[in-house]
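Two complexes are shown next, each including chain A; its partner changes from chain B in the first to chain C in the second.
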Partner chain A sequence: MRGARSVAVAALAALWAAAAGAQELRIGLSAEPSSMDPHFHNLTPNNSLLKHIYDRLIEQDENQRLKPALALSWKAVDDATWEFKLRPGVKFTDGSDFTANDVIYTFCRVPKVENSPSSFVINVRAVIGVSAPDPHTLILKTAQPHPLLPTELSNVAILSAKANGAGQVVFDRKECQNAGSFPKTEAFNSGQAAIGTGPYKLVRFTKGDRIIFERNDAYWGGKQPWERVVFRPITSAGPRVAALLSGDVDLIENVPIQDLPRIKSNPAFKVVQGLSNRIVYLHFDYIDDQPPGVEGTNGKNPFRDKRVREAISKAIDREAIVSRIMGGVAMAAGEMLPPTMFGANKDATAPKVDIEGAKKLLAEAGYANGFSLVLGTPNDRYVNDAMIAQAVAQMLTRVGLKVSVDAMTSSQFFARRNKRDFGLWLAGWGADSGDMSSPLKALLATPNRDKGMGTTNPGGYSNPKVDALLEQALATVDDEKRAALFAQASKAAMEDYGAVPLHFEMTTWAFKKDLTYTPRTDQNTLAMAVKPAP
Partner chain B sequence: MTAIEHDAPVAHAAAAAEQGRLAQAWSAFAESRVAVGALGVAALLILVAALAPWITPQNPYDLTQLSIMDNMLAPGSRGFDGRLYLLGTDDQGRDMLSAIVYGLRLSLVVGIVATAIALAIGAAVGIVAAYFGGRLDSLLMRLVDIQLSFPAILIALILLAILGKGVDKVVIALVSVQWAYYARTIRSSALVERRREYIEAAQGLALPRWRIIFRHLLPNAFPPLIVVATVQVAHAIALEATLSFLGIGVPITEPSLGLLIANGYGYMLSGRYWIAFYPGIALLVAIVAINLVGDQLRDVMNPRLKR
Partner chain C sequence: MLAFLFRRIGQSVLVMAAMATLVFLGVYALGNPIDILVSPEADQIEREQAIARLGLDRPLWVQFLVFVKSALAGDLGRSFVHGLPAIDLILSRMPATLELAFVALVIAIALGLPLGMIAGLSPRSLVGRGIMAGSILGFSLPNFWLGLMLILAFAVELKVLPAGGRGQTRELLGLQWSFFTADGLRHLLLPALTLAIYKASLVARLASAATRETLVQDFVRFARAKGLTPARIVGVHVLKTILIPLVTVIGLEFGSMIAFAVVTETVFAWPGMGKLLIDSIYRLDRPVIVAYLIVIVATFVVINLVVDVVYSLLDPRIRLSERKT
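Moving on, here comes the complex of A and B:
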C-alpha cells in the first residue's frame, strides 16, 4: 500500500517536473537590472533583460554583427541620409500596430528620461531629422557622415506611441510635437508601460527577488519554446552555482572559473563558453613627468619610452595567465578587439613572451637595473583581476622591474585611475558597439572631451597617426573601407605599444543537460538563446 | 633626606617580593596542564615566526621566487623545478607552508605591536583619568564610552577606507579600536589603588605627580591589564585577519593569514581546500593558544577564584 502510494507520488512528481520543465525556464543572473525602463540605464544587465520585452530596429547577433529586426533593411541614401524599411505586420503587446510613428516617438523620448544614471542619448544624438513618407519607411538625417548610425540604433529599444498616449509625433531635436507626456521610469517598473514587440511580456519585476516573463504569442519572430521565464538575480557566485546544482534554476551565467571543472565533470550539466568583447589590458600614465609609484628613473617618465612599453609587453607570458590564472577560460590578445569582430586585424596574434628581449630593451632604454613601479588594479571588477595583476607583477619582476601591486575595490580604483594615481594600471574594456571604434575612441585616441575621444584614456596616450586613421574611418560610410581603416589604426597603436592587451575574457554559461545555449560576445543572457536540446 | 635615597631599599625589597610573587604565580598558572600546553604552543609559534626567513623553503613575499606555472598544486606535489610543496601552493604559486609561516609572522607582529601601543596609550589615559578625577576623568571616560559604543570592525573599516592599505595602517586601525579597553580597565583598578595609604604617603612626601602616577600608581594598578592584553592580542590577530579577508588590510603581495584564507575561500567548493584550510588551522591554533593562556592568567590573578 505504502509502496504503491510512494510510486504514485513519484510518478506525479516526475510528471509535474516534466511539464514544468518543458514550459518554464528559470535563469540565475549574476547582476540585477536596475529598471524595466529600456531608456533609463545603459548597462549590460538591463539591456540584456529588456531585449525580451522590446525590439530594436536592428539587432546584434551573437557576434555583435548587425541583423534586421524591426527594420527589414537600411541603406545610406547619401552621406548624411539613411533610409530604413520597417517590418510590416508587427504588433505591440497591447494590440496596436508597429509603424514609423513609434520610432519617431522613441527618438523623442530617449533624451527625456529623468535621473538616468547612464543615458541612451549618445545613440540618437547624431539624428537631426526624422520623417516618415509612409508608415513603413523612415528617413533619418545626420549633420555629418555618420557610419555608426546602424550600430547605435541597435541599442535603442522601440516604444509604442499609441500605448503611451501620443498622437502623430513630429520630430524636433528640442521639443517634439504631439508626443504627449512621456511615461516615467516607475511606470515601466510596475509593468504598466512595459509594452513592446518582443518575444516576451513582463509579468512582474520584484526588485531583489525575481523578474517574471510570459511568452508573447503574437511575436513576429516565431513562437518561443518557453511559456514562462523567471530570472533570479543571484549575485554571489557560490550561491548561484549551488542554485544550479540543486535544481533551483536551469541556467546560470558567469560561472566562477574555479567551479568550472566541477560542473563540467557532472554529467547532469553542460557548460558553454564564448569569447566576449571585453579586453583586459595594461595602460600607462604618459602625462606626469614622474608617474605615481615610479622610482629609480632619475625623474624621467619611463613609459614615454616605447622600448620600455615594448619590454613590458614582451615580459608578459599571456598564455601562462590564460592557462594558470584563467583556467583556460580566456584568449590571449594581440589587440584590443577580438579577431571575429568588425574592424579587427584577423591575423593579430598575442605577442610571445621574450624575457631576454625585454631585458635588452630595458637596458637600451637606460634601465639595465630596472626601476620600481606600482601596478594599480581593481579586485572585484574583472574575472580574477587582482590575481592577474599579481601574475603580471611576477613576470615584470623577472625582467628586473620592482613591482608592487595596489589592489582595491572598483569604485575606489576607477576614481583613483581617473586622477592618474597610478603609473601603470590594469583595467578592462567591453566593446559594446561591437566594432573597433569603441576601444580606439575610448582608450587610444588623444583625449578630447568635445569630440568624445579618449574618454577612458586618463594617461593621455596620443599618437597622431592613430588619431588621423580613426577620424578617417569614422567618416567612411563604406563598411569594407571603414573596417580596413579601423584595422590600420589599431595596428598603428599596437605597434607603438600604446596600451598592452593581455587577454579577452570569455563568458561562461552552465545549464541542465537537456538545454542548449548559444554563447554571445555581448555577454547577454537571453531566454531566446536557450533551446531544449534536440 | 631625599626621596630617591628613601626609594632605593624599598625598590630592592619590592624586587625580591616580586620574584616570590612571580614564582607563586607560575605555580598557580602551571596548575592547568592545558594552559601550560597552550603557552608552549604560543611560544613555539612565536619562535617559528621569528625564524621564518631561515626555516621556510621560499620567501613568499619575493615575487622572483614565485612562479604561476606552479600554482594550485596539491599538498605533497613537486613543482616544475622538482621542488617539493608540502602543503601545496596557492593561485600565485606561493608555497603554502612558507606563506603560512610568513603570514603567521605578520599576524603576530601586527597583533603584538598593535596591542603594545594600544596598551601604552590606554594605560596612560586611564591612569591620568583615575588620578586627577573630576572633569578630566569625565571627559576621557566619555571618549572611551563613545569609542566602545561602536563595533570595532566598523571603526577599523572606516579608518582603513580613509588611510588606505598597508601593515602600518592596519596597526593604526587596531590601536584606535583597542586603546579604550585598557583605559577603562586600568582606571577602575587605579581608582582602588589611589585611595591606598602608600599613595597618600607619597603625596605626603610631596613627590612630583608624574612620579606618583607612573612609579607608584601604575605598577600597582597594572596586573589586570596583563590579562586584558593577552586576550586582546588574540582579538587583534582575529581582527587583522578579518580586515585582510575583506581585502582592505595588508597588500595582496604580502598576505597575512586572513588574506591567505580569503584567497583560498573561492576554491573551497572546487576541491582545492588546502589554500584556505591550512592557514585557517594556523590562525585557529594561534588564537586558541593565546586565549587559553589569557584565560589561565585571569584565573591566577583573580583573588576571588583562589582556592
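Moving on, here comes the complex of A and C:
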C-alpha cells in the first residue's frame, strides 16, 4: 500500500514536471513591480520587467552601452536637433504597424500619467519639438545641446497610438492634439492596454503572486526560446533560494551571499555574477557648522577639511570589506562608476589602506586626538549594508575617531538623510543611465534646483571645478570628448574626496544547470538573457 | 437583540475612527514615502511634482481632513505605490488570506480537539502526557522557523510540495480561489500547516483542560449512572459542553490568523493581505496601511458578533441582550 502510494506520488510529480514543459521558464524576483503601465513608476523592478512587453527606441546592452532597438540609427543633425531612423516592419501585438506616430504619442502620454509616484518626464523633458517627415523618420528638437537624449530615451517605453484610440498625433509640450484620452494605469494592469512590440505578451498580472508572459511570435528581434515565462516575486531571500532548490522556479536573482557556497556546491545549479552599476559610498554633511552626531571639534565642521576626508578614505581597507563582508562578491572602488562604463577613468584604482598616513592627516588638521561622530546607514537596502557600516566604523576607530553606527530601515534612513540628520552616512547609487553623468549630477554637483543638479547631495558638496567640467560635458555632443570631460570631472571630485567610494556591488543570479544567463550591470533580470545551455 | 447590535456597531465605529487617526498620524511620522517611491534619477522639479501628484505637498491637517472627508464617503484613498484604490487592493488579496486561515483553522480543530480530548480523558497516561508535551513544543516554535523547516523538509529535500506561492485558482463569485484545484491545495498545505500547528496546540490544551473539568461534573456522573455508553457521553455531552469556551477562542484566533498571518505569508510568498501590509509598511504606503487596519477592525467586529450568536445557540441559557461586552 505504502509502495503503491509513493509510486502514485512519483507519477504525479512526473506529470507535473511534464506539464511545466521544457519551454516554460519560471523566474523568482527579489522585488515586485507595481504596475504593467510602463510610464507609471520609474523604478528598476518595473523598468526591468516591462522590457519584456514594450520596446524602446534605443536599448541598453548588458554593459549599458546604447544599441539600436525600435530606432535603427540616430544622429545629431546639429547641436539641438536629432534625427532618428525607425525600424520598418515592426508590429504591435494588436497587429498595427509601428511608425513615428507611436513615438509622438508616447511623448504626449508620458507626462499625463495620473497618480504616478515617479514619472518618466525627466527622460522627455528636454524635447521641445517632435515631427515626422515620413513614417519612419523622427526629428527631435531640444532647447539646448542635449547629448544625453539617446541615453534618456533608452528608458522610455513606446506605446501604440492606434491601439489606444489616437489619430495622427500633433506634438505640443502642453496639450497634444488628436491623442484622444490616454489609457489609465488600470487598463495596463488588466492587460487590455498592455500592447507593445516586445518579445513577450502579457497573459496575466496578479499582484503579489505572479506575472505570466507568452512569446510574441511576431517579434522583430528573432524568436525567443521560451514559449511562456512566469515571474514570481519572492521578496524574502531565504524562501527565494528555497524556491530554486525545490524546483519551483528555474532562476532567481539577488542570491544572498551566505547561501552562495551552498548553491555553488550543488551540481544541479549554476551561479553567475556580474559587476553592477551600483557604488556603495560614504558622503559628508558640509552645510552644518556642527553636523549631527559630531562632537569634540570645538564647534567646527571637520568634514569641510579635505585632510579629514582624505584620512577617512585612507583609513578604510576596501579589500577587507570586499573579501570578508561581501564574500568576494563586490569590487573595491576608486570612483563612483565602474571602469567599464561610459565616462569612467579606466585607470581609477581603489585607494590602499594607510593607517599612519590617515593619523598624520588628522593630526595636521588639528584632530590628533580624534573626534566622535555618528555614521548613519540603512540596514535593508544594500547588500550587507549595516555590516559594512560596522566595519567602516571599526576601521575609523583605528585611526583615532570615535564612531558609532546608527542603522535603520531604508524608509527611515532616506527621510533622515535628506533632512541632513547625519554628519557622515553610507549609501548606494545605481547609475541607471549607464554613464558618469548619473553619479556626478546626483551626488557631486552643487545642488541647484533649476539645473536639476545635486539631487542626492543633501550634504551640499560643492566644487566649482567639478561643476564647470560637468556642465561643459553635458553640452558636448561628441561622445569621445564628452567621455573625457566626464572622466576629468570625476577625477577632480575624487582628488578632493568629495565623497568616498567603497565598492561596486556585484549582482548574482542562480539557476538550473541546463540554463545560461548573461549578467547585466543594470541588475535587470530578463528572460531574453536566459538561454538553454548548449 | 437589536439594542445589543446597535451598541456593538456604535462601539466599533468609535474604535475604527480612533485607530484610523492614530495610524494615519503614526505613518506620517515614520517618514516621507516620496523618498522611497521616486526614482533616484529624478531631479528636484520632478520630485516636487511627484509629491504634489500624491497630495503630500499639503500640510498634515489638510491631508488628514481630506482623508476623513473621503473616508466618510466610503473612499479610503489610493495607494501611493500602486495608484489603485486601497480598498480594491486589499479586497483582491482577501480570498488568499481567508482560504489560508480557513484551512489552517480546519487543520487546527481536526488535530487539536480530538488530541485535547484524549489527553483530557486520560491525563496520566503516556499518550496524554505525550500530547501535552507536544503541545508545548507546538506552542513555542516560532512561526517563521517552522515555516522554513517545513519548506526545507517537504520542498527542498523531499520535493513533494511546492516551496511557496499560490497555486492555480478558479473563479467563484468573482473572486479567485485555490480551493478547487489540486495544484491550489498543494500550495495551501504547507503555509496552512505552519499557521495551524500553533493553533492546534492551543485548542488541544484548552480542550484537555475543559474535558478534565467537565468529566467530574454531576451530569456526567448521572449519564454514567443512567447507563449511557462512554462514547455517547464523551462524543455528545462532554463535547457539547467544552465547545462553549473553545468557540470563543477559536473565533478570535481565526481573526488573528486573518489579520496577522504576515510572517507565514512572507515566508511562503503567499499573496495575501498580510504580505500586502508588510510591503506597504516597508514603502510607507499610508492609504493601504490605514485601510487595511480598518478592514481588520471590521473583520474582528463581525467575528465577535458571530461568536456571540454561536454561543447562544450552543448554550440556550445565554441571552445576547444580557451579555455586557
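The working rule: the second predicted complex is superposed on the first by the 513 of 534 C-alpha atoms of A that agree within 3 Å, B and C clash if a C-alpha of one lies under 4 Å from a C-alpha of the other, contacts with A are read in each partner's own complex, and residues count from 1 in each chain.
Keep in mind that, in the parts below, a contact is a pair of C-beta atoms (placed from the backbone, for glycine too) under 8 Å apart; a residue touches a chain by one contact, two chains touch by 3 or more.
Predicted model, so just to flag it, every value in this text is computed and none were measured.
Undergrad: Label the relationship between chain B and chain C on chain A in the superposed model as either fit or clash.
TA: On the shared chain A, the partners fit.
Undergrad: Which partner does A:Gly238 reach: the first (chain B), the second (chain C), both, or neither?
TA: In the superposition, A:Gly238 touches chain B and chain C alike.
Undergrad: Just chain B (first), just chain C (second), both, or neither: which does A:Ser35 touch?
TA: second
Undergrad: Based on the superposed arrangement, let me know which partner A:Thr409 touches: chain B (first), chain C (second), both, or neither?
TA: Once the two structures are laid over each other on A, A:Thr409 reaches both partners.
Undergrad: Return, as a multiple of 10 degrees, the angle whose vertex is the Cα centre of chain A and whose sides reach the Cα centres of chain B and chain C.
TA: 40
Undergrad: Does chain A have more residues touched by chain B or by chain C?
TA: C
Undergrad: Return first, second, both or neither, reflecting whether A:Asp259 touches chain B, chain C, both chains, or no partner chain.
TA: First partner only, chain B.
Undergrad: For A:Gln394, is the partner it touches chain B (first), chain C (second), both, or none of the two (neither)?
TA: first
Undergrad: Could you look at A:Ser119 and tell me whether it touches chain B, chain C, both or neither (first, second, both, neither)?
TA: second
Undergrad: Scan A:Ser246 for contacts with chain B and chain C and give back first, second, both or neither.
TA: second
Undergrad: Between chain B and chain C, what is the tightest CA to CA spacing in Å in the combined model?
TA: For chain B and chain C in the superposition, the minimum C-alpha gap reads 7 Å.
Undergrad: Across the two complexes, find the residues of chain A that touch chain B and also touch chain C.
TA: 238, 409
Undergrad: Going by the contact rule set out above, which residues of chain A touch chain B in the complex?
TA: 237-238, 241, 256, 258-259, 261-262, 320-321, 324-325, 379-380, 386-387, 390-391, 393-394, 397-398, 403-409
Undergrad: Give the list of chain A residues in touch with chain C in this complex.
TA: By the definition above, chain A touches chain C via 9, 13, 32, 34-35, 40-43, 114-119, 121-122, 185-186, 189, 206-210, 232-236, 238-240, 242-243, 245-248, 409-412, 414-416, 418, 429-430, 432-433, 438, 442, 447, 449, 452, 455-456.
Undergrad: Considering only the defined contacts, which chain B positions touch chain A in the complex?
TA: 63-64, 66-69, 71-72, 91-93, 165, 247, 251-253, 266-267, 269-272
Undergrad: Using the touch definition up top, name the residues of chain C that touch chain A in the complex.
TA: 30-47, 49-50, 53-54, 78, 80-84, 89, 92-93, 96, 148, 151-152, 155-156, 159-160, 162-166, 176, 266-269, 271-272, 275-276, 279, 282-284
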